[in-house]
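Report on one structure; see the data block that follows.
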Amino acid sequence: MTKANIIELLNNVKNGTTSVEEAVLCLKKEPYTDLGYAKLDNHRGLRQGVAEVIYGAGKTSEQVLGIVKTLVENSDSPVLITRTDEDTVNLLKSGIKDKNISYDANCNLCIVGDMPPKTGCGHILVATGGTSDIPVAEEAALTAEVLGNEVVRLYDVGVAGIHRLLDKLDDIMNASVIIAVAGMEGALASVIGGLADCPVIAVPTSVGYGANFGGLSALLAMLNSCASGVSVVNIDNGFGAGYQASMINHIKENS
Amino acid sequence: MTKANIIELLNNVKNGTTSVEEAVLCLKKEPYTDLGYAKLDNHRGLRQGVAEVIYGAGKTSEQVLGIVKTLVENSDSPVLITRTDEDTVNLLKSGIKDKNISYDANCNLCIVGDMPPKTGCGHILVATGGTSDIPVAEEAALTAEVLGNEVVRLYDVGVAGIHRLLDKLDDIMNASVIIAVAGMEGALASVIGGLADCPVIAVPTSVGYGANFGGLSALLAMLNSCASGVSVVNIDNGFGAGYQASMINHIKENS
Amino acid sequence: MTKANIIELLNNVKNGTTSVEEAVLCLKKEPYTDLGYAKLDNHRGLRQGVAEVIYGAGKTSEQVLGIVKTLVENSDSPVLITRTDEDTVNLLKSGIKDKNISYDANCNLCIVGDMPPKTGCGHILVATGGTSDIPVAEEAALTAEVLGNEVVRLYDVGVAGIHRLLDKLDDIMNASVIIAVAGMEGALASVIGGLADCPVIAVPTSVGYGANFGGLSALLAMLNSCASGVSVVNIDNGFGAGYQASMINHIKENS
Amino acid sequence: MTKANIIELLNNVKNGTTSVEEAVLCLKKEPYTDLGYAKLDNHRGLRQGVAEVIYGAGKTSEQVLGIVKTLVENSDSPVLITRTDEDTVNLLKSGIKDKNISYDANCNLCIVGDMPPKTGCGHILVATGGTSDIPVAEEAALTAEVLGNEVVRLYDVGVAGIHRLLDKLDDIMNASVIIAVAGMEGALASVIGGLADCPVIAVPTSVGYGANFGGLSALLAMLNSCASGVSVVNIDNGFGAGYQASMINHIKENS
Amino acid sequence: MTKANIIELLNNVKNGTTSVEEAVLCLKKEPYTDLGYAKLDNHRGLRQGVAEVIYGAGKTSEQVLGIVKTLVENSDSPVLITRTDEDTVNLLKSGIKDKNISYDANCNLCIVGDMPPKTGCGHILVATGGTSDIPVAEEAALTAEVLGNEVVRLYDVGVAGIHRLLDKLDDIMNASVIIAVAGMEGALASVIGGLADCPVIAVPTSVGYGANFGGLSALLAMLNSCASGVSVVNIDNGFGAGYQASMINHIKENS
Amino acid sequence: MTKANIIELLNNVKNGTTSVEEAVLCLKKEPYTDLGYAKLDNHRGLRQGVAEVIYGAGKTSEQVLGIVKTLVENSDSPVLITRTDEDTVNLLKSGIKDKNISYDANCNLCIVGDMPPKTGCGHILVATGGTSDIPVAEEAALTAEVLGNEVVRLYDVGVAGIHRLLDKLDDIMNASVIIAVAGMEGALASVIGGLADCPVIAVPTSVGYGANFGGLSALLAMLNSCASGVSVVNIDNGFGAGYQASMINHIKENS
Amino acid sequence: MTKANIIELLNNVKNGTTSVEEAVLCLKKEPYTDLGYAKLDNHRGLRQGVAEVIYGAGKTSEQVLGIVKTLVENSDSPVLITRTDEDTVNLLKSGIKDKNISYDANCNLCIVGDMPPKTGCGHILVATGGTSDIPVAEEAALTAEVLGNEVVRLYDVGVAGIHRLLDKLDDIMNASVIIAVAGMEGALASVIGGLADCPVIAVPTSVGYGANFGGLSALLAMLNSCASGVSVVNIDNGFGAGYQASMINHIKENS
Amino acid sequence: MTKANIIELLNNVKNGTTSVEEAVLCLKKEPYTDLGYAKLDNHRGLRQGVAEVIYGAGKTSEQVLGIVKTLVENSDSPVLITRTDEDTVNLLKSGIKDKNISYDANCNLCIVGDMPPKTGCGHILVATGGTSDIPVAEEAALTAEVLGNEVVRLYDVGVAGIHRLLDKLDDIMNASVIIAVAGMEGALASVIGGLADCPVIAVPTSVGYGANFGGLSALLAMLNSCASGVSVVNIDNGFGAGYQASMINHIKENS
C-alpha cells in the first residue's frame, strides 16, 4: 500500500464514499511484527516516510540484530541505529552480509544499507557553537543524510567571535532549515534565528561545566530565545533535530 | 530591495563578483528607525518575510502606538501585537484611523491591518488537549492566519479519551504542519507525533495545578517525547509555534 | 495469632468488651526479632498479609543472609529480596539448603521459597512503553507473582505507535489492576488510564536522556495525568507498584 | 450497551468469533457529543463506570452549564464539578431545574443529582495530618461518596502527636482503602502505610511555608515512603485520590 | 582620617613600625552609629569610597528618613536609596529641606544630594537587549552616575537583530566597562563579551515568560557565557552592576 | 589562657575595666600556625571547647599528617579526622608513634588519641530509620563520644514499623539530645520530635533511589517537620549533628 | 501527673517493676480533647514542657478561639498563636475576658496569658543580618520569652560590615544558645558559628530578590556552613528556632 | 594593526572621516584561520589584549596541538590551555620544540611560552576559604600571571575562623582586584566584599557535600551577597575570574 493509496483512501473518507471506520481497518491490517521484546511497526515507513529508527541505548546487541534483520526483510530503506556501540556493529556485520554497514564512532551512529539520493526542496545547514559540540551535530547531519537530504556543515562559529558567523551569512540565508547546536549559554540559536528567514531547530548540548547542569543552561536559553522561528529538541538530541529537519525539507512531497 | 535582489546579490557573492564585505554593506544600509526606547528593524520584512511583530508585555500603550505608527508608515503588511490589552487597543484605534484593528480578548492578541490571502503549501492543524488550552491555541492559530496560512482547529482531543483523537485521523494525516497544545502531562504531542507524517510543534501550557510547576511537567514531557519529528517552544508560547509553523508551511517560496 | 483473631479482637474493641489499650497490648507481644543491625517484624505477615520484604541495597551479603534465615524460621511464606546481586544470591544458596532460590539478574530480584498459588480477584496487567523499561516491569511482575497474583505482560506498546496498544484493548479492559511502566514522557499511563476502567499504577522509569533528569520528566507527567484513576510510585520502583497492585487484587479477602 | 455486552464482545474477540477490528467498531459508534469547545464522552460511563467528571477551572460558567446539560440528558448518574465557584453554581441552579444541586464552598466542589447508594466492598478511610488539610480531604471524601462509597473521616491525626493516630487503630485496620492527606513533611502516609494492610493513596497538600515549595516537600516524602503499598497522586488532588479509591473499593464488581 | 592616612598606616604595618593589632585599633574607632533598628557605618566612605547605600525594600518610610538624616549629618556625599517608593520620597522631601532630592519612578531609585563631578578613567556603557529591560538598566546607569561616572546608554540592541548592535561597534570598543542587561536567553552578554576588550558585567533580568523562571534562564546563560571576561550579578540587580562598574572605572585612583 | 581567664577578661570588658579593643588584642595573640596550605587555629580549643577537627576529603595524606602533627604538639585533646581513608590512616600510624590511632572504615572516621571521659549532663540518643543509615549514624555517634558524651544507639526503628520505635519510648524520653538519622521520606524526625521533650537534631541521608534526589526528599521533609523542637543539618552530615549534640549536652559547663 | 512521676514510672520500667506496656497505658490515659476539626493534646505540656502552640495560618478565627478556650481551661500556661491576624486577636479578646492578650503585628504573633518568669541556664542571643530580618527574629525572640527565657537582641550585624559584629564579641561568647537570622547569602550563621562556643540555630529568611528563590539561597548556605555546631530550621521559621533554643536553654531541668 | 591604529580608526569614524562600514571592513581582513574542526581568531589579541585561550576539555590531543601550532606561528604571546591533561602536554612537548611548556597537574593548566613581565596598575589577591579550594584558585592565579599580573595568594582563610582573615587586612586593602574562591556556603566573598574597597570577583567551587548540589549553594550565596561590589563567575571557573581580574587590573592601558 503506497502513500498514493493512502491519500486516495482518505479522500474517499472526506467525500463520504468510505467511512472513517473502514479506513481505520484498511490502515491497520498487519501493522507490526511482534518479536516478544519489541513490536516492529511495518507501516511506519508509510505513515512517516522512513523506515523504523532504532534507539540503541538499553538494548542488547542481540536485540538490535534481531530488530534490524526483521526490518531489512520488510523494506529496502536504510536502517539507522542511534546510541549504539562497536560490539553491536560487529555483530551486525557478521549477521547481515548483504548490506553496507557504516559506523561513526564519534557519535555512536550506525547505518545499515546505502545512503539514499538527495531529495528535499533545499539543503539543511548544521551549525555548532564550538568544537566540542561536533558529535551531536554529526548525529543530526548523518540522520538528515540517511533520510535523503543535502547537508552543509558550519562548525565552531559561536557567538564569542561573531564575525566568524557573519562571514558565512550566505550559507545561513540560503538554507531551507537550520539546525543550531550549542552548549554553554546556547546563544547561537538566537543569533542565527535573527539572521535567517527559515525555520531554526535548536539543539542544546551538555557541553560545559559548573552551573551548566548537564545542558539545562543551553536548553532554557534556547526555549527563551528572543528570535522568532526557533523551536527546540531535547539536550544532545541530534537525531531528533535531523529527523524533523528532514520532514520540513521534504514538505513539498508530503502535502 | 526585494527578496529577488537579495538572492541575486548573494549569488554574486558565491561566484565572486561581489565580496562578502560589499554584500554586508548593501544589506546594512538604512536598516532601522531609532525611536529612542526601541529600534525598529525596517529590513526584517525582507530578511524574515513578515513585518515586525510587537511583544506587547512590558511596553506602555504609548510606546506600542509609536512603534505601530512607524511600522505602518514603512510597510503595508499587517502588524501583530501579542500580550497586549484593551486599553492599548483603544489607544491604537484612536491613533490609527485608516486601518482595520481587531482584538481577541481571549488571547490578548491585536491585529492592525487586513488578513492576508492564504498562501503556503498546505494547512496548519492546531490541536489542544483540553478546553483550557484554547487561549494559547488561538494565539498560535491567529498568528498563523495573519502570516497567510489556512488553519484547521481541533480542540479538546486529549489522550484521556483517545478515540476522540483517532476519529480525526484524516485531519492529522492531511496537515502540512501540526501545532499540539497541551498542559498537564503534555502527552498529546507524542500521540499525534506517532500518528502524523509531518512536523509537529509542541506547545506546553501552564494549565494544571500541583506538581505542574507552571507548565514544567508538560515542557519536560514534550522534550522527552518518544515520537520522532517533534520540537518544542516555550511554555504558553502560541505565537512562537504559529510563527515557525508558517515558516515551514511557506518553505517552497523561500528556497 | 491469625487474621481472624485480629478481627475478633478489634470487634471486641468496637463493642466495648476490650479496651483499645488491651488490644494494643495483645498486638504488641513479641512483635519483632532484634538482630542488632536490623529489627525483623514477625507480625508483618499478619498485619500486611505477606512476609517481610528485604530491600537489598545498602546491606552486606552477610546481613541479608542473617535476615533471610530468621524469616524462614518464622514463616513458610516466600521471601523477596530486591536490589540484590549475584554474590549475595550465591551466599544464600550455600547458607539455606532446604529452599528453592531463584534469581532474575535482569532486575536484580531474588526469591527464596516456592511461588504461591494464584489467588486474587483477577489478573494484573503490566505494560511498558519500550524495550528498555522491561527490567523495572519485571520487578513489578515478579513481585506480584510472588504475592500470589496472575500477571499478564504487555511490553513495548508506547504511545508513538498507538495502534500497537489499541490492538490489545481486551487485555486492558479485562485487567483488575494495571501497572503502566514508562520513561521519557510517560504518556503511556494517561492513554491507558483513559481506556481502562480499573485502577492504574504508574511507574516512571529513568530511561531516557537529556532533560529527562533521571526520570523526573516521566514522574511529573504521570502525576499530572489528565486521566482519572491513576496514581504514581517512585521512579524505577517496580516493587512498590507490584506490591500495591497485589493489595488491590486481593481486596476481597481483606475486608 | 452494558458492561456485560462489552465483556461478551471481548470474549468473542478472544475466542475468534469476532475480530479485533469489528470490536473496535462496535465500541466506537456514537462515542461523543461535540459542543465545539468540548467533546463529551458519552461512553465513559461504560468504559470507566461513572459519568463524566468536569474539571471546572479554566472553563466559563456558560461552558460548564452547557456541558452539564448535555450530560444529564444522556445519563441519570450524578455529575461532579471540581474547582468551580459560587457564580457557576448559581447559573447551574437557574439553568437546571429538575436536579438537586449541592455545593461545598470549602473545597469548591459541586454535585448535580442525587447521591447514589453506598456500594463497594468496604469503606474508605480519609485521614488528614492537620486542620488545614481538610479542604483537600473533603474533595476526596465527597468524590468517593458521589461514586457510591461509604467514607469514614479521621482528621488532625498528624505524626507530631502519634498517640492520636494510634488511638484509632481499628479504623485503620478495618478500611478497604485509605486516603492519607498531609502537607509539610507528609509523614502521615508512611506511618499509616506501616500500620495498614490495605492500599494507601497519599495526597500531598500545599499546606506549609518556607522550604515547602508549594507541596513539593510532602510530594517527595510520599514518593519515597519506606512503607510498601503506598502510591501518590498530584499535590492537592483530592479528586484523583477519591476517584481511584472508589475504583479499588468497587473492584469486585468490575472483574 | 583620609585614605592617605590609611595607606600610611598599613605601610607602617608592613615595615613593622606598627603592629597589626594597633592598626586594627586605629581603624575601628567610632566606626558606626547605632539607631536601634540599623547600625550605620560611618567609615564606609573611607573603606569603600562612597557613602552608605540604603536598600529601601523592607524598611518603613520613617526608618529610611532616620537613616538618611544621620548619613547627611556625617558626610557631604550624595545618598542613594534603591527599591524605594513615592511615599518615602515625599517624607524625605518634607524632612530634609536643604538637599536636592530626585526620584526615578521607573526604577524606584532616589538620590539625596547633588550629582558628583564625572571622574573615573573612561566611560561606562550600559546596553539592554530590549525595551522591557530599561528599568533595570536605569538602576545601573543612575547608580554609576551618582558615584561619579560618565555613562553611555545603548538600549534595545538584542541579538535577534544583531546588526543594530554591530552598528554601535565603536561605543563598545571605547568603553572602560560594559554593563549588559538582558532577559530571556541573555545572549547579549556573550556577544558583547566577544566584541569588547574591557570587563563586561552581565545583569540577567526577570523579563520573559514560560520557562524563564523569573530570570533563571538568563542567569544560567550568562554564567555559562562562552566569552571570557564576563562576570554576573544577581537577577535584576542593576545597582550591584553599577556599583562594581564604578569601582573598576575608578581603579586608577585606588591603588 | 584558660576559659576562666577569658570569662574574667570579658567581665572586665562589661564593667569597663578593659576596653573592647584591649580584649580583642588579648584574644588574638598567636592565634594560629601557618602551614602554607592550611592555617591551624590553636585557640579554637579555647573558643569552642574542643580541638580542631579535620575535614579529610580533598586533602592529601601528607597534608593530613602535617596538620595532625601540629595539632598533637599543641594540645592533648584527641584529634578527629572525618571523610578520610585507609591510606591516610596508615601514614598517620607510621608518622605518629606515641598516640592511639583508631579507624572506623564503615564511616571513614579516624581518631588520634584516647577517648575522653564521659562528661555532659545526660546521654545522647542516636536513632536510625533503617540499616542503611548506620554509617552516617556512626559518624554522629563516634563524634559525640570523642567529644566526651555517653551515646545510646537505637538502629532500624523507621516509621513503617512504628511499634519498634514505641517499644523504646523510655530511651527517647530519657535522652538529653536526640539525633534522628533517616533517608527516604525522613519521617523519623517528626515522629521522634512529637514524642520527645528534648532537642532533636535531624540528619537526612542520601539513602534511597528515584525521586530521592540524593537526600533532598528527606532534607525537605525534615525542614518541614510538623513537630516543634527539630532542627536539621546537611545531608549525610553525621559529624555536624554529633558536634552540636555535644555542645547542647555540655551546656551546663559553658554558661 | 508530673514530670517526676513520669521519670519514676520509666525508671520502674528500666528496673523491671513495670512493663513497657503498663507504662504506655499510664501515659495514654485521657490524652486529648476532640473538637471535631482539631484534636488537642492535653499531655503535651508534660511531654514537651509547654502548652500546645497554635499554628494560626489556615484556621478560621472561630477555630482558633475554640482551641484557645479549651487550652486555657486545662492549663495555666500561656498560649502562643503564630501566623495569626488582627481579626482573630479581636475575637479572642471578646471571647476570653480573664486573660492578658498581647499581639505583635510585626510578626503576627499573639500571646494569651502572662509572660512566665525567666528560667533556663543562660540567655539566648537573637542576631539578624539586616533590618528586614527583624520580623522573623522577633517571632523567635517572643517565642523564647513566652517559654521562660531571657533574650538578648543584636540586630543589623550582617557580614558586609564585619566590625559591627566583632564589636559585640562578648554578647556572642556569653550566650547559652544563639539564633542567627539572615536572608540573602546567610553568611551570618557561619561567622557567628566560628566565633561562638555554644549551639547556633540558623534561620534563613526569604528577604532578598532575584536568585534568592524565596530564601533558598540562605537555606542552602546555612546547611553548608563550614562552621561546626550550626543547625538549621525552615525558611522564616522564627518560632521553630525559638522553641528549640528554649529546649536547649532548659536542658538542665529536663535530664 | 595595533591598538593605537584601531583607536585612530574609530576616532575617524566618530568625526565622520571614515564610515562605520569602512571601519568594519578594515577590522575584518584576514580575521581567522580555518582548521576545519576549529576557527582560530587571529585578531583576538588585538581585540581583547591576549592570545587565544584554548578550552582543552572535549578536544583531542591532536586538535590541541594543531591549534597551538597555528597560534604560535601567528604570535609571540604565551598560549594558555585550560582543562587539559598529561597526555596532551606530552604531545605538545614533542611537537613544539622551541617553546617553554609548563604544566600544573593540580589544576590541569598548561602554558606554552614564557611568562610575560608584570604589568597592570596593582596586584591581584587570590583568596580561598579552605585547602580544598586551592586547585580552582591556582587556575585563577596562573591565568592572571600568564596575562601579566602580579598575584598574591591568601589560602585557607574561611569565615569559620574569621581572625585568620582579619589578620591579613592589609593584603585585602592593598589589592587592585580580589578573587574570592570558596565552596560550601561561599560566605568568604561577602566578608571580603565588606572589608575591601576594590572589585571582588567571586568563584563558587563545587567543594562540599550533601545539599551543596555541585556548587549551587555557594553560587546562590555569592549572587545574593549583601556586600556591594561583588560579581560572580561560573562554578569552578578559576580561568574566567583570572581573565576578568586581569582586564580590570590593566584598565589604565586600555582606555
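Observations
By letter and in written order, the chains are A, B, C, D, E, F, G and H; residue numbering begins at 1 in each of them.
Everything that follows uses one rule, which is that contacts are C-beta pairs under 8 Å (C-beta built on N, C-alpha and C of every residue); 3 or more make two chains touch, one makes a residue touch a chain.
Note that this is a predicted model, so its numbers are computed, not measured.
The chains that touch subunit B as well as subunit C are A, D. Taking each chain's centre as the mean of its CA atoms, D is the chain most distant from subunit H.
In summary, the interface at D-F recurs among the listed pairs B-C, E-H or B-E; the equivalent pair, sharing over half of its contacts by residue number, is B-C. Separating the CA-averaged centres of subunit F and subunit H is a span of 39 Å. With centres set at the average Cα position, the gap from subunit A to subunit G is 59 Å. Subunit G has its Cα centroid 55 Å from the Cα centroid of subunit B.
Residue numbers of subunit E whose C-beta contacts span two or more other chains: 24, 28, 130, 161, 166-167, 195, 210-212, 216, 219, 223-224, 228, 234-235.
Listed in rising order, the residues of subunit C touching subunit D in the complex are 6, 10, 13-14, 20, 23-24, 27, 47-49, 53, 121-122, 166-167, 169-170, 173-177, 195-199, 201, 219, 223-224, 228-235, 239-241, 243-244, 247-249, 251-252, 254-255.
Those residues of subunit D whose C-beta lies close enough to touch subunit B in the complex are 27-28, 31-32, 36-39, 41, 44, 55, 57-59, 63, 204, 206, 215-216, 219, 234-237. Touching subunit F in their complex are the following residues of subunit D: 129-130, 158-162, 166, 183-187, 189-191, 193-195, 208, 210-213, 216-218, 220-228.
By the touch rule above, subunit E contacts subunit B in their complex via residues 130-132, 134, 155-157, 161, 163-164, 167, 207, 209-212.
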